[in-house]
Structures are given as structure tokens and as C-alpha cells.
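Each of the two complexes below includes chain A, the first together with chain B, the second together with chain C.
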Partner chain A sequence: MNIGRIKRSINALLVNGTLILIVLLWLIPVVGIFVSSFRQRFDIQTSPWWNVLPHRGWVMTKTIDPRELELDTNSPMTVEGITATFEEMQAGVEEGDTRLVWIGNRRIGNIQIQKKDWIMPGGLTLDNYQQVIQGKNIRITHADGTVQTVRGDDFSVALLNSLTVAVPSTIIPILIAAFAAYGFAWMRFPGRRFWFILTVALVVVPLQIALVPVLRDFAGLSLNGTFLGIWMAHTGFGLPLATYLLFNYISQLPRETLEAAFIDGASHFTIFTQLILPLSTPALASFAIFQFLWVWNDYLVALIILGPDPNVRVVTMKLASIVGDRGQDWHLLTAGAFVSMLIPLIVFFALQRYFVRGMLAGSVKG
Partner chain B sequence: MTKFGQTVEKEQKSAGKVVAWILRVGLAILIPVIAFFFLYQGFLFLRAGNAPKWVIAVVAIVWGVGGVAILYYLFNKLVESLSPDWTERLQPFVFVGPAIAMMIWFLALPAVRTFYFSLFGRNGPPALPVTMIFTNPGEYFTVVAAQFVGLSNYAAVFTDRLMLSALRNNIIFWIGIATPLTVIVGLLVAVLADRSKFERMSKSLIFMPMAISFVGAGVIWNFIYEVNPPGTPQIGLLNAVVVAFGGQPHGWTNYTAIAPWNNLFLVIIVVWLQTGYAMVLFSAAIKGIPEEIIEAARVDGATEIQVFFRIMIPHILGTIITVTTTIIIFTLKIFDVVWVMTGGQFGTDVIATQFYRQSFINRNSGYGSAIAIVLLLAITPVILYNLRQLREQEAFR
Partner chain C sequence: MSKFSKILGVLVLATVILAACAPATTPPPATAAATEAATEAATEAATEAPTTDCAEGYDFGEIVGPAGGFLEKALAGEYSGTTVTVDGTQTDPDDRKMKCGWAAFEEATGITVNYVGNKEFEARISIAVDAGQAPDIADFPQPSLVRRFAEQGKIIDVGQFLSDDYLNQTYIPSWLELATMESPDGPIVAGVFNRYSAKSLVWYPKDDFEASGYEVPETWDELLALSDQMVADGSTPWCVGIESQAATGWPATDWMEDVMLRTTSLENYDAWVAGELKFDSPEVKNAAEVIGEIWFKEGYVYGGRDAIVTTFFGDSPAGLFTDPPNCWLHRQANFITGFFPETAKPDVDYAAFYLPPIDEQYGRPLLGAGDIYVMFNDRPEVRALIEYFTLPNSVSGFLAEGGAFAAQKSATPEMYSIPLEVSLAELFGTATSFRFDGSDLMPGEVGAGSFWKGMTDWASGSADLDTVLKEIDASWPE
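So, the complex of A and B:
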């Protein structure tokens, strides 16, 4: 009895412990950039992000002018009971809780005496976000007191562009797909079976197959680099899945409801707008979230259809361009990444239930 | 007299009917034309784009979404204004037509066109007007034949050194390692979470990366793999751990000395991103196993491991196959992660990055198209499987 209970609690410990470990592993990458996005540029580049936690490190206690002590830099010197050559001091000499570091060159440098102590974090800032979001020139004060003027990265425009791309690219395909799903489910017309089979066949077709021809057509219609162009592309690529999912839902609605409406003399259009659309809200919502996240996070289609024009750049392109041009500017990359993730994360956590439902219904796209 | 009057009345009536009919049809055609005109003006306004950015955004959203809704409404009105016979005949096409047209334009036709492109050299098929087939067939076919290269692009796909390494990466690292790893970790988390006290929270957090873009994930993981010169503090988590254990720091994704194993560091990112998907599906499947079966096995003295392998796995086999297939499709097309992390350098190229490079950077549309067709062929079994499932489905007769 007692052994059984112990066994069970060990089991529970094992299960929960492993799970917590995995969750932490999954979380740490995001926490890393989140924390870093609030740190100052210099701090990010010189110390790891987990240093924002209280930790033990070297703290400067005083600076000694070697000329006052009349030390000979060409032979081993003794300072604070530690004897070392100039080269060793330049690299830093440790003994117990004390460290000597020679800062600067041989003639005019200083010796820093450092003690090991607890370091409390500090120096968090919103500057990175300011610089990333705004497009204006921004004055930045560095840790050493110098002031620099830099041009902001203008993520606000990219965010606006992303919204302008993502909202219609979500609603339009759903609208078109809902009409089609109703048509396939409740109307009889020649070729119905053939067109539906084609729709299902197209669900997993990789969109890479379409990029070259579509780009050619768009060039002819001068739709390259326009919002209309990318809406149409996302609509075309998203339609097979949207139609298939909504068909599965709409065709399962009770036949009696529709027949009653028909007998009352309602037209297909009325039934669709007044009855079917409201009834299908769960299915519409789950696909909407899926498509919204897909479009917001898309990089390839935006890269090809929107092209190099900075006026229409979406957040993923903006972020990717910073990765390419200034891959070491972690203060911008971390803040930029977080700005780009904010809206999808909000949508995701607020509407997770619908997202999961859509996924269980087979939201997998080509 | 009366007879004559009646005829006149009848003629007047039918004349009136004709006029009304013409008016109605004319109006029905005119309204969409006017609507199109306004929508086109809106498009021009958006392209000119002098207004403040947010005004353009709002106008674009309203104009785009509203435009589509209005067009449906108008076309439906047009069809409903016809005789009931014709309404019944044409209305399905108002409902289904736009979707079919878009799918044909953006997916079905491009597949055929891309295949056609793939039979030509780097500039693709000659840009001659199609009407030339009838007006001057001789010259048309001579020009086409001059640029026709047959299947030699496909021969190149399977012999080019870079393409071979891309195929190797897709097959060994992405299908061979990333896919089973995602499935196994997803299954593990689903099983653990099912017995844990904080199931919702843990599932939610592991699922979270699904909301993050591949570009964002690239930034996140670049930061983890960040390398500083030896001797200086490592700001990347992985190198800090490696150095703490006495190792040498490396920029892991570009560490060509261990190539092709540097691909593993890209694989980790995708496992991180996709495990949530696998977990959600497995979790739902596990909850679908009748409790009595598992309880009965436990009462019979089965260990947890036996319960897992002998009862759970067989029960959720269908889901495991679905998830595995989905992730294979996903990894076959993997692009963004690789492109952002390494640009396909250091031996990390995959099919989709090669496709992008050949089609849009090297501007070799023939070769790029051949790569896209190979990608499509690789996915064809899944398409056929989906269609077979459809045939068995009751819903569509």
C-alpha cells in the first residue's frame, strides 16, 4: 500500500519533471531574445543575456595608476600582493577573490583591481524598441557618454504593411471558399465532382510550382509589388485548403434546416448569407486564424511578389533584411523579432482553441 | 374589334416586357461594370500611394474585402434577375466559379506551365504570341525548337553537385532526422502532458512556436548559436555551455568541418517549431482511446511501457501516419529557415533554396522549373492518397 503510493509519487515526479524540463527547453530561446531586446547594445554584445539575473562576477573596486607606484612594466610587478608581468596583467590575473587587469597600453594604461561579488542587474532600456519601430532619426546615448544619431528601422510601416497584406489575404479567400463550399455542398451542377476532386488534389501542391508563371502574369498586369497582387496570390494558394475544410463543415450541417428555408422561399444567396455563414462561424474562425498566421509569417511569397520596394515591405522581409545586412546588431534583431511576433502571439493565445480545432480538422497546406 | 384590341394590348404588353427585360439585363451588366471601374480606381489610388500610410492601409483593407463582397452580391443579383430556369443553371457558377478560376490560375495551370518551362533553356519558352501558331506556324515552331532542351534540365537536377547535396539534405536530414524527431518528441510531450497536473499550460507553451515566423525563429536561434572569439564571453547560449564544459566555440550552422552534420543545427530549429503541431494531434488522439481499455490492461498487470507500446501506439497509428506525412511534406518544401540562417551555404542547401536561387537569383527559369516539378513529383503520392481517401468518404457522392 505504502510502496504503491511512493511508486506513484515517484512516477508523478518523473512525469512532471521531464515535462517541465522540456517546456523550459522550449521556452528558453524565446526568453533569451525577449530579455535581450531590453538590454543596451553594448551589454548584449559583451555579456550573455542571463547576466540580467543576479550573478557573481568581477566588480571593479579601484584603479591604480602604475606610474604613481613607479612600476617597471618590463619586469614582473607586484600589486595588491599579486605578482605578474605586464602581458599577464593585460590578459587579467586572478588570485582568490581578486583580479588585476591592465587597461590600455604599456605607457599610459591603468591597473584595475576587481573583486568577486554579486552583481545586481540593471540598465534595461526601451531604446531598442524605439529605434526599431520609428522611422525618424533617433539620438542614442552610449554607455561611455557619447551620443550618436541613427536612422530608425521603421518597423511601424512594416507592421502596417503586414496588416494590409494579412487582413484581406485572410478574409478574401475565406469568403470565396465559403461560397464555393456551399456550392459544392448544396447545389447541383455539371462538373461538380470533377472540380471538387481538383480542389482536393491541389491542397498539398507546393506553391513553389506556381511562382515563376504567376510572377510572369503579374509582370504583364503590373501587379508586382502591389498589395492587390499579393492578396490574389495568397487567395489562390489558400483556396484549396479553405474550400476543402469549409466544405467538410458546411456539408455536415443538418439538411432539414436548409430545406425549411427553401420551402419558405429563400434563395440560395439568402440562405448562404443569413443561415450558413452564421452557422459556420467555428469553421470560419479556425481557418481564419490559420490563414492569418500563415500569411503574417510568410516570407517566400512576399519576397517574390512584393519584391524589393521598401514601401510595401512586410515585417518578415524587414527582419530578414536586418539579419542579412547587420547580423551582429543584436539589440535591433531581438527587438525587431519581438515586434514581428507580437501580433501573431496575441492572436494565437487569444484564439488557441479555434486554432487547435482547425488543425484537428486537417489544416495542412501546400 | 375586340380581338384586334386584345392583340395590340398583348403586343404592347410583350413590348413592355422586352423593354423591361432589356433594362434589367442592361442594368445588371452596367452595375458590375461600374463596380469594376470603382475597384480599379481604388487600385490605382493604392498604387499611387501619396496618402498617409495608415489611410492607405485602411482603404486597402476596406476596398479589397468590400470589393469582393460587392462583386458576389452584384453577380448574384444579375443571375437572379434572369428567368428561374437560368438562375438555377447559372447560380452554382456564381458560387463556385470564382474559387475554381483562382485555383486554376494560381495552382493548376502554373503546374502545367512550369512543366512546359522546364523543357526549355534558361530563358524559358520564347515569348511569342500564341496566335502565331496559326498565322506563321513554321517560324513559331522553329523558334520554339531552337530553345527546347527536352529533359536535360532534369538530368542536371540529378547530377549537379549542389543539387545532389540539396537532395541529400532533404532526404537524410529533413525527412530522415527532422521528421521522426518531431514525431517522437511530440508523442512524448503528448503522453507526459496527458498525465500531468499542468497539461494546458505546458501544451500551450510547447505549441507557441507555431505562431512564430520562420524568419523570427531564425533570429531566435541565430542568437543561440552566436559565436564570439575564444577567450571573450560567449553571448550565445550554446557556445557558453560548450565553453563552460571546456570546448571550443563555433558558429555551429557554418561549421563546415563537421559538414554535413551542421545541418543538424537547422533541424533542431524545425523540431522546435513543429513539435507543437505533432503534440496537438497526438494529444487529441490519445484522449480518444477508451479509458476502460487502458485501465483493463493496468489491472492485468501491464507496465506503463507495455501500455504505451501495445495499446496506445496501435490505437493512434492513423494519427501517427497523418502527422508523419504532413511533416514530410513540410520538410520537403523547407525554405525560410535555411534561407535566413545560412542562405543555403556551408552545405545546407535544400531543394527549395536551390529552386529559389536558380529561378530568381540566377534567372535560370528552365532549371528552376525542373526543380519545382521534382518537388511536385515527390509530393504526388500524398495527393493520390488524399484523393483515395476522398473516394472512400461518404460526404461526396
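So, the complex of A and C:
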């Protein structure tokens, strides 16, 4: 009995320990990016992000100008009681807890006496976030006192645009797909099988091949660069999978409940709104998360349909342009990435309790 | 039911509110009204744009277009109220500098220039042109991309309204040759060049460089002697980084082109770019070996040979600005200043010298790359803007803040407001020849593919030079 319990707790420890290890491994890059988002460009270029953690290192206690000592760098030199060649000094000569280092070249370099101590690095700044979020010109004061005026990237417009795109692009396909799924599952009409197979077959059609034809049609209707256009595009691209997933869930609802409603004289619409929708909440919610994240992270469809007009630019496109012409503003990308993550995280945590139940939607087919 | 339908309700409400919040961009149902609204939105954005974005107190003088041209009519207000859409690949900060150069045109003509570019321009433009949605004008960073559209007959011949005399007055022959392309109706002038970046530059930390008593080398031998001197002084001379994600290797192709121009004739260079001179020829191989003498020499490159392929090209010059400098020399185009620390000052913390000639007989060649403006829709106001692009006024945003040079002959060094760029512009004036970035002119399979990859393999040591050069030759399309 007791042994069994110990065994079980060892098992639990092993499982939990492994899980924690995996989670930590997965988190390291995220933490790295998060830390980098508070660092300035030059710091990112020249030192690793973990340098922001307190660590033990060599701290300078004294500088000596080698020219005052009139040293000959071509032969071993004696400084502060330590004798070494130039090359050895460049690499650093340790004696006890002090170190003697030649910093720089023979011509203008200095000799430093260092001792080991804890380094508490600073230099973290909110400038990156400020520059990403704000739309107007902002003044950034650098460590050496120079003031630089930079143009903000104004994420707020992009965030609003992304919401304007993502929310309807999530709701419209779900509503249509729920109606369609109910029809395919519970209504009898000619060609039902054929239309259903056609819908399911569309799941495997990659949306990329539809881009040029859709763009041409939209051009005829002047829908390019409009939100209505991208809502329609996302609805169209999302519908087959939505219908298929919801069909699998809705068709598995207990037949008796629906029959009882029919006998009581309920119409299809009443049954749909009063019975089907509430019963299929997990499936609807999980698909809503899928679709919302897909649309939020979508870059291609937005690029083609909405185009590059700054007034309708969504977050993904803003992120792509934030690094600048040649990637010189990489330090801003880290901050921008975290800002853009906020809303998907909110959506995910708000709906996540439906998620696990909904993931199983349609997975067991009778 | 209740919880979820509440969430649904909130979302629907949010949609309605959002739709109401963005009236300018929410599409009206009617077709004509939609374009009108878009134009309105663009005009609004243009007028709202803060003028403080451009350098102030920098007057560029009067706009004078070709006599009897469309720009003249536009200046008379004939096309006031129209809009020209320009697409391109520029984002921050170049898009801002471009717009600053156009502001004077907009003000003087009443024509609105709507810039809609972003980084995915190259992928987008083909789809847009195929779908009949081409912008009025597009800014192409590589002439080779334009060639395809010219062959399909999608491009308006600017030679229709810009006379040969005017073009010859405005541009040096190299630019005009690049702009002339084949179309179904014979050769056309496919566009106009506007600004360029120069590649044959070596950047160095000026204050430390001078304090150490080093001198700017005038010949290749002096450059190598300087490198040796730096090694002897206990420092590492060069910083080289060619990593650039999917485009890793491109900085190496620039090195190759620069050295090719210095070790062989212009005819050979042109033949090489056209695919007539093989990579596997003694000339190309020799150029690579000259580079190898710097890249692979013990103690020459910061971080050693391994660092060349793994260092991001934009991070690589950071070594010039550490204290003490991790490296002292960095060969890169003038745009690299965008990667320098914000606090670094030109002519104090850094400066650049001309990559010295190797063989006297080939003179002082200059390697560069420029943007060509191409016209897709033929309207008078579009022609007026194209004519404006042939004036240095249109580059004023760059002249004031740096980052690119004006391609027009009429641009003089005094027009640049950054002293370092004045001296660079003067330096370019002493160049005996100009050649466009060769890899940008080669077919995409080579110039943006096997050439990059081959140089990377060679630099990393995973393949020897002969194999690499043969592989690049084999990848050349039939």
C-alpha cells in the first residue's frame, strides 16, 4: 500500500519534472525576446540578453596609462608587480582575485586592474515600447545625454484595424457554418450528400490558388482595400472547415432531444436557436478561437486583399514593416511582437475552458 | 448558452462599434463611392501628416521641369486635385525621406502622391499587375525585375514624353543603358532612375583611427599593410558579416563585384553579369582569391572565419563602436549607417573611405545600386510626377538626412547637408566608371540564389572555391 503510494508520487514527480523542464526549454526564447524588448539596439548587437541578470564578472578598479610608464610592448613588461608579454596582458593576467588586462591596441590602449565582483547591469528601457505604440514623434534620451527624435510606429491604428478585420471574420463564418451544419445534419433535402461532399472537398483546396481570381473579382466590385472585402475573403476561406467541424459535432447531438422538440411543434429555426446553439457551445467556442487566431496571424490574405495602404494596415503587416527597410530596427520588432500578442492571449484565456472540450469536437465519429 | 451568447453578443457589439469607428475605411456598398472614399482617406492622411517629419530649413530651390513637359503644366495647376499612387518596397525610414522629397511637388502642383508601399512589394506587384490593379508608378530596387514586365508589354515607355536629349542631359550613360529594355514593340525606356546607394566604401572608427596614427589607404597594398599593422598592434582589422536570413550571402556578392571591377576590365564585368563570362573563369576565381586573402587570414576578421557566415550583416559593424573597437574596417554600402548606434556621430565616431583600387589600369570604379521608377498607367499627372523624379528635388529628403545619393547629373555635392556625404559625393565624382550591383542584374536563380548560397558555402568552408563556382555556373538558366 505504502510502496504503491511512493511509486505513484515518484511517477508524478517524474512526469511533472519532465513537463516543467519542457516548459522551461520552450520558454527560454520567449524570455530572451521579452528581455531584448527592453534593451537598446547597440546593447542587443554587442552583448547577450542574459547579461541583464546579475552575474559575477571583472570590475575595473584602476586604469593605468601605459605611455606614462614608457613600456616597451615588444618585450615582457612589469606593471603593478606583474610581469607578462603584451599578448598575455591582452588575454588578461590573473593573480589571486585581481586581474591585469591590456584594453585596446598597443598605440592607444590602457591597462586596467580588475577584481571579481557582482555586476548589477542596468540599461533597461521602455523606449522600444514607447516608439512602437505611440504615433507621434518622441524624444529619446540616450545614456550619453544625446537626445534623438524618432517617429513612433503607431501600433494603435494597426491594432484597431486587426480587430476590425478579425472579429467579423470570426463571427460571420461561424454563424453561416452553424446554420449549414444544422441543415446538413438534420434537414432532408435533395442533393444533401452531394453538397456536403463538395463542401468538405473544399477543405483541401489551398487558399493561395484562389488569390488572383478573387483579387480580379474584387477589383470589378471595388472591394480591394476594403474591410468588407477581407471579411468576405476570410469567411469564404474559413467556411469549409467550419462547416465540417460543426457538422461533426451537431450531428452527434442526441436524436431524442430534437425529436421531442419536433413533436412539440418547434420549427427548425426555434430548434436551431433554442437547442442546437446552446448545446454546441464548446464546438463554436473552439472554432472561434481557431478562426480568430488564424485571422489575427494572417499575413498573406491581408497583404493581397487589403493591400499596403497605411489606413487599413493590420498588425501583422505593421510588424513586418517595423524592422525598417533593412532590418535595422530589429529591437523594435521584439516590443511590437509582445504588443501584438496581447489580444490573442486575452481571447485565448477568455475562451480556453471551452477549448479542451471543443478540441474533441468531431474527433469520435459514430 | 448564457455565458457564450453573452460573449458572442459582446463581440457582435464590438464589430458594430468598430465599424462605426472607422468610417473612412469602411466600404460603402456602391462601387464608385468606394474608390472616392479611398482617395478621400488618402488625401486626409496626406494633409494630416506632420510636416515636422522632414528636415526643416532646407530649401531645395525651384522646381524646373523639361521645357514644354507635363511637369510644367502641372506646375501651372492644370492637374490640381488628381492623385498618383506610388508603390514600392520602402518602409521606415526611407518611405519618410521619399515623401519629404515629394512634398514640394504636391505643394506646387496640387497633385496628391499616395505612397502605398511595403516590404512585400516584390511578391505583391506581380499579382497586382496580373489582376489589372497595377499602381500608377512603382519604385523597383532591381532593374532585372522590371525586365519581365517590359517583356509582357505592361510598362509605359517614358521615352514617349522624355526626349533622348533630355535624358542624356540628366543621366550618365550607365543609368540610361540599364533603363532601356526590350518590349513587344521594340526597345523602350522603361523608367527613370532617381537615387542610388554606393557600395565601394570602407567604414572606420575615425576618432580611434586617427588617435592610433593610422592613415587612410590609397592603394590595395596599403590597405593590406594597414591590416597587418593593426594585427601587429594587437587588434583585429576587419568586421565581416554576411548573414541575412533567407538572403544570407548577399554582402559577399557585393565584395565579389567590387573586387571584380578592380581586377578586370569593365567589358569582362559586363560579360560576367550577362552570363557570358563563366564563374569558373580565371578572372572570377582570382577575385574570390583576393577576397579570401582578407577573409580567411588568421587574425584578420573579428570572430574568425566562422563568424563571417553567422554574423548578421547589420550587427557586424557594431564592432567599430565598442570601446576599444573590436574591429577597425568594415566594407559596406552607405545605407549601413542606419545600423550604427543612434549616438554615433558622422566624421567623429565614424567615416568612410573609398575601397582602394587593386590594379591601376582599371581606374577608380564605383559599385552602386539604384531605384528605378516605372510607369504602369499613362495619365498626364503620372507623367508629371515621372518628370519630377528626373530632378534632384525629388531626392531632397535623402539629401537632407542622408542614406542615398541623387542619380541625376545636376545634383552637386553642395546639395548634401551631411558633411560626410558631401565628401562621399565628391569622392564619387572622381570615380572613372560606374557599375550597377551585378547580382541584382543576374537572373534571380543566380543573383538571388546560387550566387548567395555559393559564397556562403565557400565562406563557411563547407565547399571549396572550384566546386562553388562550377555550381553557380550550372544554376544559370538556359
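In this section, the second predicted complex is superposed on the first by the 251 of 366 C-alpha atoms of A that agree within 3 Å, B and C clash if a C-alpha of one lies under 4 Å from a C-alpha of the other, contacts with A are read in each partner's own complex, and residues count from 1 in each chain.
Quick note on the criterion: a contact is a pair of C-beta atoms (placed from the backbone, for glycine too) under 8 Å apart; a residue touches a chain by one contact, two chains touch by 3 or more.
Just so it is clear, the structure is predicted and the values come from calculations on it, not from any experiment.
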| item | value |
| --- | --- |
| Contacts of A:Gly104 with chain B and chain C, given as first, second, both or neither | second |
| Partner chain in contact with A:Leu163 - chain B first, chain C second, else both or neither | both |
| Partner chain(s) touched by A:Ile171 [first = chain B, second = chain C, both, neither] | both |
| Which superposed partner A:Thr226 touches (first chain B, second chain C, both, neither) | both |
| First, second, both or neither for A:Arg188, with chain B first and chain C second | first |
| Touched partner set for A:Thr85, first chain B, second chain C, both or neither | neither |
| Most chain A residues touched (candidates chain B, chain C) | B |
| Touched partner set for A:Asn16, first chain B, second chain C, both or neither | first |
| First (chain B), second (chain C), both or neither touched by A:Ser267 | first |
| Partner chain in contact with A:Asp309 - chain B first, chain C second, else both or neither | second |
| Doubly contacted chain A residues - partners chain C and chain B | 45-46, 160-161, 163-164, 167-168, 171, 211-212, 226-228, 304, 311, 320, 327, 330 |
| Residues of chain A that touch chain C when the two form their complex | 40-42, 45-46, 73, 86-87, 90, 102-109, 136-137, 140, 142-144, 146, 148, 151, 153, 160-161, 163-164, 167-168, 170-171, 211-212, 215-216, 219, 221-229, 277-278, 281, 284-285, 303-304, 307-313, 317, 320-322, 324-330, 350-351, 354 |
| List of chain A residues in touch with chain B within their complex | 11-12, 15-16, 18-20, 22-23, 26-30, 32-33, 36, 44-50, 157, 160-161, 163-164, 167-168, 171-172, 175-177, 179-180, 182-184, 187-189, 192-193, 195-214, 217, 226-228, 231-233, 235-237, 239-240, 243, 247-248, 251-252, 267-269, 272, 293, 296-300, 304, 311, 315-316, 319-320, 323, 327, 330, 333-334, 336-337, 340-341, 344-345, 347-349, 352, 355-356, 359-360, 364, 366 |
| Residues of chain C that touch chain A when the two form their complex | 1, 3-5, 7-8, 11-12, 14-15, 18-19, 21-22, 24-27, 31-32, 34-35, 38, 41-42, 45, 50, 52-53, 87, 89-94, 96, 116-121, 123-124, 127-128, 130-133, 208, 211-213, 230, 232-235, 244, 312, 314-315, 318, 321-322, 324, 335, 338-339, 341-343 |
| Chain A-touching residues of chain B, taken from the complex the two chains share | 43, 46-47, 49, 53-54, 56-57, 60-61, 64-65, 68-69, 72, 76, 80, 89, 91-96, 98-100, 102-103, 105-111, 113-114, 117, 124, 185, 188-189, 192-193, 195-198, 202, 204-216, 218-224, 226, 232-237, 240, 272, 275, 277, 280-281, 284, 304, 326, 329-330, 332-333, 335-336, 339-340, 352, 355-356, 359-360, 365, 368-369, 372-373, 375-376, 379, 382-383, 386-387, 390, 395-396 |
